[in-house]
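The structures come next, written out as structure tokens.
Same chain, two partners: chain A is paired with chain B first, then with chain C.
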Partner chain A sequence: MLKELLNCYKVAFKTRFEDFLNLSPELVEERDSDEQIDFEGVVSLVGITGEKKGRVIFYLSEEFLKMLYRLIYGEEESLNEMELYAVAAEINNIISGNAITLFNNESSKRLFLSPPSIFSGKLSITTPRINSKDLIYKIGNLKIAVSIGLEGGI
Partner chain B sequence: MYKSDMIISAVNESFFQFGFSNFVVEKIEERDITSSDFPVNVIIGCEGGWRGNIIIGMEKEFANFIVKTMTMGMIEDYRDKMGLSAISEMCNMFAGAFANKLSFNSKVTFISPPTVIMGDNIKVFLSKVNTTTVLYSSERGRMEISTGIWEIT
Partner chain C sequence: MRVMITDDSPMIHKLLKKMVEEAGHEVCFIAENGKEAVENVLKVNPDLIFMDITMPVMEGIEAVKKIREMNVNVPVVFLSALGDDKTINSTKSLGIAGFLTKPFRKEDLFNLLKKVEGENA
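Now for the complex of A and B:
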């Protein structure tokens, strides 16, 4: 089930970035997630509920979020912390919403998403008893990592 | 039933089962944003009849206290793998009891698995929604439960 969900995320990631922002993300790595992840930057998290539980975490650098903000609004002067967080929340919401819709349409399962939550700083993150995979994308010279996990996974 | 009453009742049903009876409600607050200033945070999403996020923030000392109590003294550090598992399970039990209370009147509410986020001076921003917050304090530190959830009509 996790494999199918990952495939939906790959499609959603590519199409949303290409359609909305005219960017071509390149999948550079797919790997099992570490049990605990240490990260410095901005993290956007959405929960998965429904027939299967899980969570999706986007690991975003400030540079990446600023680039997205510039692409969406065309300037950066008025950019404050809250707007940066809003971009982080929305990028996760758009891609996860699309991926979950694709997944629900292709399978007989029904999954739902909880609203995004945002964290920033020097973070240690762990979700016990979950199987998850990381997708690492490169857009230009910036990287973005997505961790997708389901209870009982694989 | 007010949300704060539901939180307190859910804490009584979950935390107190393990003998965490020596902490008291210090403050009940309504905020317009869900956030946390604590170094150890557990996030649980809600979906269904009610939507939003629950965040349980705690001081390190309080996290250690939970772990030590739940493991009957075998583990004393919350950063231990089993310690993190114990904390998330405790919060999962609380969120389950809380979601059960929200689910009255056929507003069935589901919860996502808990994720533990730790760090000093981290910033937490969930949603700009009316948030009910209950702050607990004890000799072993403080814990704050924030429920930034809204009813789906």
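Now for the complex of A and C:
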């Protein structure tokens, strides 16, 4: 099931960035997630609920969020932290919403999403009892990591 | 038209307000969840509500059911990143004016505004 969901994320990530932001994300790595992840930056977390439980984490740099903000609003004005966090929350919400839409339309199972939560700073993230995969994307010279995990896993 | 936005995302508030105003309409109230929309709909009396689905406190479909129970027949456009067939079908009995999937294009939003304005005239 994780494999099918992962494929939906790959399609959603590529099409949303290409169609709406004119960006070409390149999937540079796919790997099993480490049990503990240390990260400094902005983390956007969305919970998966419904017939299967899980979570999706976007690891985002400030530079990447600033670039998205400029593309979405067409503004160059200085950003405050809350505006950056709002972009981080919505990018996960949109990609996850689109991926879950694809999944639900193709599957007999039905999944839902929880509203996003944002964390920032130096973080150490551990999610035991979950099987998780990381997708590492490169857009220009910026990297984004997406970790998709489901209880019970593959 | 006077438009109410119901969404938990400050990014969507800003983006939608900008587009609604560009189309010549007024954003009369921004609710951050379904409960705020239900509590304010009679007081604000909007001509149209944009309603997100996944929100904390009270989600969008439940909020529209409550608004309909209050005999308020304001047009509602659902605006959600989650747009699978079952979700869209579950909104149809609520007499909605449209369903926009996030991310949405400005032209699609403008077309919906025109359609609702035409139906309200």
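Keep this in mind: the second predicted complex is superposed on the first by the 152 of 154 C-alpha atoms of A that agree within 3 Å, B and C clash if a C-alpha of one lies under 4 Å from a C-alpha of the other, contacts with A are read in each partner's own complex, and residues count from 1 in each chain.
In this section, a residue touches a chain if its C-beta (ideal position, glycine included) is under 8 Å from a C-beta of that chain, and two chains touch if they have at least 3 such contacts.
This structure is a prediction, so every number in the text was calculated from the model and none was measured.
J.: Looking at the overlay, what does A:S147 touch: chain B (first), chain C (second), both, or neither?
T.: neither
J.: When the two structures are laid over each other on chain A, which of chain B and chain C touches more residues of chain A?
T.: Ranking chain B and chain C by residues of chain A touched puts B first.
J.: Could you tell me if A:F20 is touching chain B, chain C, both of them or neither one (first, second, both, neither)?
T.: Only chain C is touched by A:F20; chain B is not.
J.: Let me test your reading of the model: by the given contact rule, A:S132 touches which partner, first (chain B), second (chain C), both or neither?
T.: After superposition on chain A, A:S132 lies in contact with neither partner.
J.: Quick check for you: in the superposed arrangement, does A:S33 touch first (chain B), second (chain C), both or neither?
T.: neither
J.: Tell me which partner A:M82 touches in the superposition: chain B (first), chain C (second), both or neither.
T.: A:M82 sits against chain B and chain C alike.
J.: When the two structures are overlaid on chain A, which partner does A:N98 contact: first (chain B), second (chain C), both, or neither?
T.: A:N98: touches chain C, not chain B.
J.: Between chain B and chain C, whom does A:L113 touch in the aligned arrangement: first, second, both, or neither?
T.: The answer is both, since A:L113 touches chain B and chain C.
J.: For chain A, which residues belong to both interfaces, chain B and chain C?
T.: 82, 112-115.
J.: For chain A, which residues count as touching chain C in their complex?
T.: Touching chain C: residues 16, 20, 72-73, 82-83, 86-87, 89-90, 93-98, 100-101, 104-105, 110, 112-115 of chain A.
J.: For chain A, which residues count as touching chain B in their complex?
T.: Checking each residue of chain A against chain B gives 35-36, 43, 45-50, 53-55, 57, 81-82, 85, 112-115, 117-130, 151.
J.: Applying the document's contact rule, which stretches of chain B touch chain A when the two form their complex?
T.: Contact set of chain B toward chain A: 34, 41, 43-48, 51-53, 55, 81, 84-85, 88-89, 110-127.
J.: Enumerate the contact residues on chain C facing chain A in the complex.
T.: Against chain A, the touching part of chain C is residues 8-12, 14-15, 18, 54-56, 80-87, 101-103, 105.
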